[in-house]
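Note that the chains are named A, B, C and D in the order they appear, and that numbering of residues resets to 1 at the start of each chain.
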Amino acid sequence: MERMSLMNKVIMSASNISVRFGGLWAVKDVNMEVETNQVHGVMGPNGAGKSTFLNVLSGLQQPSNGYLKISNQKIVKGKPWKMTELGLSRSFQTVRLLPEMSVLENVLVGGHLYASKNPLNILLRTKKYRNTEKVLTEKACDLLRMMGIEAKADQKITGLSLQERRRVEIARSLMTEPRILLLDEPCAGLNPHETDKIAQMILTIKSRGISVILVEHNVRMILSISDKILVLDHGRKIAEGSPTDITKDEGVIKAYLGGAAHA
Amino acid sequence: MFSQMVVNGLANGALYALIALGLTLIYGVMNLSNFAQGEFAMVGAFAAYFLKQLHMGYLLTVILSFAVAGVVGLICYFLAFYPLRRSNPLNMMLSSMGVSIFLVNLSQYIFSPTPKVVETPFSDQSIQILGVYLSEQRLLIVIVSLVLCGLTYWVLERSKFGRSVRAASIDPDTAMLYGIPTNKISMITFVVGVALTGIAGALTAPIYNVFPTMGISLTLKAFVVVVLGGMGNIVGAILGGFIIGLIESFSAGYISTGFQDAIVFTILFLVLIFRPQGILSKVRGEKV
Amino acid sequence: MTRARKIYFLAIAAICIFGVYGSLYLQNLYLLRVAILAVITAILALSVDILVGYTGQISLGQAGFFGIGAYVMGILNTNFHLPFWISLVFAILFTGFVGFVLGLPTTKLKGHFLGIATMGFGVIVNGVLNNWTSVTGGPNGIRGIETPYFFSISLEYGNYFLGFALASLFVVILLIFLIVHSPIGRAWRCLRQDEITAYVAGINVYKYKLIAFMLSGGIAGYAGSLFAGYMTFISPETFDLNQSISLITTVIMGGSGTLLGPLLGTAILSFVNEWLRNFSELRLVIYGFILVTMITLLPEGIYPFFKRKILFFFTSKKKKRSIETEGSNGKDVVNE
Amino acid sequence: MLEIKNLVSGYGDIVVLHQLSLHVNQGEIVGILGANGVGKTTLLKTISGLLKTREGTITYSEREIQNISPYKELGLGIAHVPQGRHIFSKMTVLENLQISLDNARKKLNEKQRLEYVLSLFPELKDRLNQAGGTLSGGEQQMLAISRALIADPTLILLDEPSMGLAPIVVQNVFQAIKRISDSGTTILLVEQNAVAALDIVKRLYVMDMGRIVYESQQIDEKELEKIKEVYLGMDVS
């Protein structure tokens, strides 16, 4: 987590990403550059192709056209777990946690890349193995503390509120030590107070040198914390720029409030 | 020799197609891999044997075997599958295995494992077409199977009921919103699916005789056929039936009868690896 | 390790030692035979559980691994006159390798397809055992497999063999316990519950499924060798589809994804099987009926069901609510 | 005609709707607006029985329907157009429509109903024998609405008909909805697209966090500003 950079530079880029489902282009020719130390917002009305675009960014969906680059490494045929290895981690709009595991275990799953997986170490429970497990557990506890839910570490997921689940999921993402954290509607279903807290948390994460790609429906929230915003509609990029530019953009206003009638 | 193998293969293929048709219908609507499918062929075959003992005409017994297998299917549906309708597919699959064990051994208890001979007015006459011998019974199998497959296809594609079945298999929730009682549909589909297999059993009885474990290899083949044709694909099941029938006939002719099953399953493996969606379906993108 | 855990482990160790020791005093030859076969079945059930319970992979061809293990032992021991112990090592390595090869294509498959593919594996193995007569002896099988000596103790005595089999079972349990409670086990449980979560956690899903196939195959192969060593005679009919089905139902009925579940399942089904001998020909009819009833009534498995009930009995009222919602499996019920 | 009182519903252990109450009068077109994830779809699913009502009552034409199976609701005259359209992709457009006719509350003249529906959505006329899955997004939405309408329901539940459609198509679809409403069918419209919805609804509720947070009787420009405030939290002007 000590990867602080002195100046902003591009660590991830998406070039001409297009995705086709049947006869429909869900995403068409979208470009995006993520810089270090940035919160990069992605906006768009329902069905604008945001989720598909995110799935491409996180390797869960193969683009029909276009490619991704992380730290100058071109990803040709992304295996989904490869993106995590390269330093991109994500959360989901409908929280994906493992219901049969405790909160702590859910976070520990995120530490998979750093765990000791040598069969000999595992079977003999060597000192090295016990040490790595201990370090990982401590790190997971730290993250839970940062998220303010360390008290629930031993509980099952089913007993948690939606907001707490979101926090566990973000903790799991941070456990992978990402350079880019992709948050898919972290505030969906939360009240304004909780939303503010999540916004605060995102800024904290950014201050640790992690770039954040933020997708959000709560416009006020995304405008207030993003450095740069990309707006999608009908799978195409309709605007990109600073929050102030975006709010002035006619196209964005139309796309958001619906352009069927006057606006 | 070659053309004789083709004809034999097609005759068996028609039978497999009929059984696979039932299997794929049930899979499509209930999401159940029914491992007891072949046992309903056995039930149908025993029904034919038993009714024949009562000096009934063969064709009448074939028709009645449909009803017997259907009734047995209905009982099984309510005991073994209805309670699990919201459980996971694995449990349903295991339950069907339990049904299979139950039916095989019950018939072994009632009828003993010795194969029974079912006489047919068609069995010992064979006709010669272009130098190829085809027994009339096999001809009957091909005709009845094709007629039933065609009829099922017609009902599914053209009738009101068939529409409901297809809608329920595509999207059960939306089907419910449009007035289709999906539970009832799956019950009827199950009963019809196994009853068709019952007829297949009654048809094959005079050729391969009747014995309690006859269903197991039929189940296996039906699964291979269904995977080959694409799970839930009706036309695929019919086509797949003939393909498997031919492959089997050739491997028996050119390699060895003992390896027949192993060869069929090796082909299954190849299909699963290279075209898991079956030979007919187009590739569909997996959505997250 | 906490104090409670230490006591727990000591208790289990005591049971193991007592079990192995006690097996030496079992006088009834019939019971002895039943017990030995039950222990071998338990090892097999645990191997199935690695796939079904911990990784969420259906295996309908476990008898294939079991058979390969037994035949490698039989062939090496009788044709090549290798000693039991060396053949055993080969059997485990070879079945592990077969698991790897089977896993290469099948880890890409899911649900019904995986079930049918593994079933196909079992059928192919059985077909080969039955028909490759020059090597496997065909339907006649292989005779005269050596029952091993453990140092200077001949395991031909049922009591000693039972002790050996039990010790093997405990080793397998320990092995699975250690792996399941490690990052590998975490990765397994993660990909079983949600593959997409596994992806974003950086888990190479196929690799971990492959590991599971290898381990499961190896353990089943071990059970096969053990079986060959005990029976001294093997034939293809032991390793057929019925065996595979019976194994997976044992695991599911007992409770998959747990260590005790498959053991409990084996114990109950072995007992039921013996008890049903009283009904001679109706035995398997009742067996099938029990199977369907158990699955429809307790789809979660016997052990998890009773564990839940017992826990529920001892928990406070406040906690009961949350346990109740857990029990509902988060499924939404549609009006009917 | 439809009255919901203190409705509680949700998925698994997450409660989505908290003591929600609302009503729809005969012949009205009522909008429920709200951002993503506030429980709009859950509400419609609960009304049509796809989700179980945990507490509260749903009364439709003086009859409590909260425990009725979803497949009986079309027979009562309630048609639900689900979010994401959910047309039967492998069936033809005509078959999609026939399904609904088969199960309507009374025997209808297929030809007559078909003509009526096609007069609203002439785009579908040439596509009757095409598989539903091959239609464009807009056409699929039109088909989904037609499928509901053809059964001559008294109440249509519309879930986000504008989702993923181009503005011009949204306009088409909404004008058709207005015409359907003008012909006397009651409509409950769930929408995120506030501007489009405001144009046609007679009355509206705004939902947030599984509750009704705002109710309005008349629709004018001032309302629009208020709604922006309530659920977009966006100062656009």
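A few notes on this one:
One rule holds in what follows: a residue touches a chain if its C-beta (ideal position, glycine included) is under 8 Å from a C-beta of that chain, and two chains touch if they have at least 3 such contacts.
Everything quoted here is computed from the prediction, not taken from an experiment.
Each step here moves to a touching chain, and the least such steps from subunit A to subunit C number 1. Looking at subunit A and subunit B, the chains that touch each of them are C, D. The greatest centre-to-centre gap from subunit A, using C-alpha centroids, is found for B.
Ranked by the number of C-beta pairs in contact, the top chain pair here is B-C.
A straight line joining the Cα centres of subunit B and subunit D is 42 Å long. Mean C-alpha positions place subunit C and subunit D at a centre distance of 52 Å. Centroids built from CA atoms put subunit D at 33 Å from subunit A.
Contacts with at least two other chains are made by residues 176, 288 of subunit B. Residues of subunit C in contact with at least two other chains: 196, 325-326, 330-331, 333-334, 336. Within subunit A, residues 60, 158 each touch two or more of the remaining chains. Interface residues of subunit B facing subunit D in the complex, by the touch rule stated above, are 160, 163-164, 166-167, 170-171, 173-182.
Looking at the complex, you find that subunit D touches subunit B at residues 48-50, 69-75, 79-80, 82, 86-91, 95, 98-100, 102-104, 147, 151. By the touch rule above, subunit C contacts subunit A in their complex via residues 175, 178-179, 182-184, 186-187, 189-190, 193-194, 196-205, 322, 325-326, 330.
Every residue of subunit A that touches subunit D in the complex is listed here, in rising order: 22-24, 45-48, 93, 158, 162, 185, 188-189, 191, 217-221, 223, 234, 247, 253-254, 256-263. On the side of subunit B, the complex with subunit C involves touching residues 27, 33, 35, 79-80, 83-84, 86-91, 93-95, 97-106, 108-109, 176, 183, 216, 220, 223-224, 227, 231, 256, 258-259, 261-262, 265-266, 268-269, 272-273, 276, 288.
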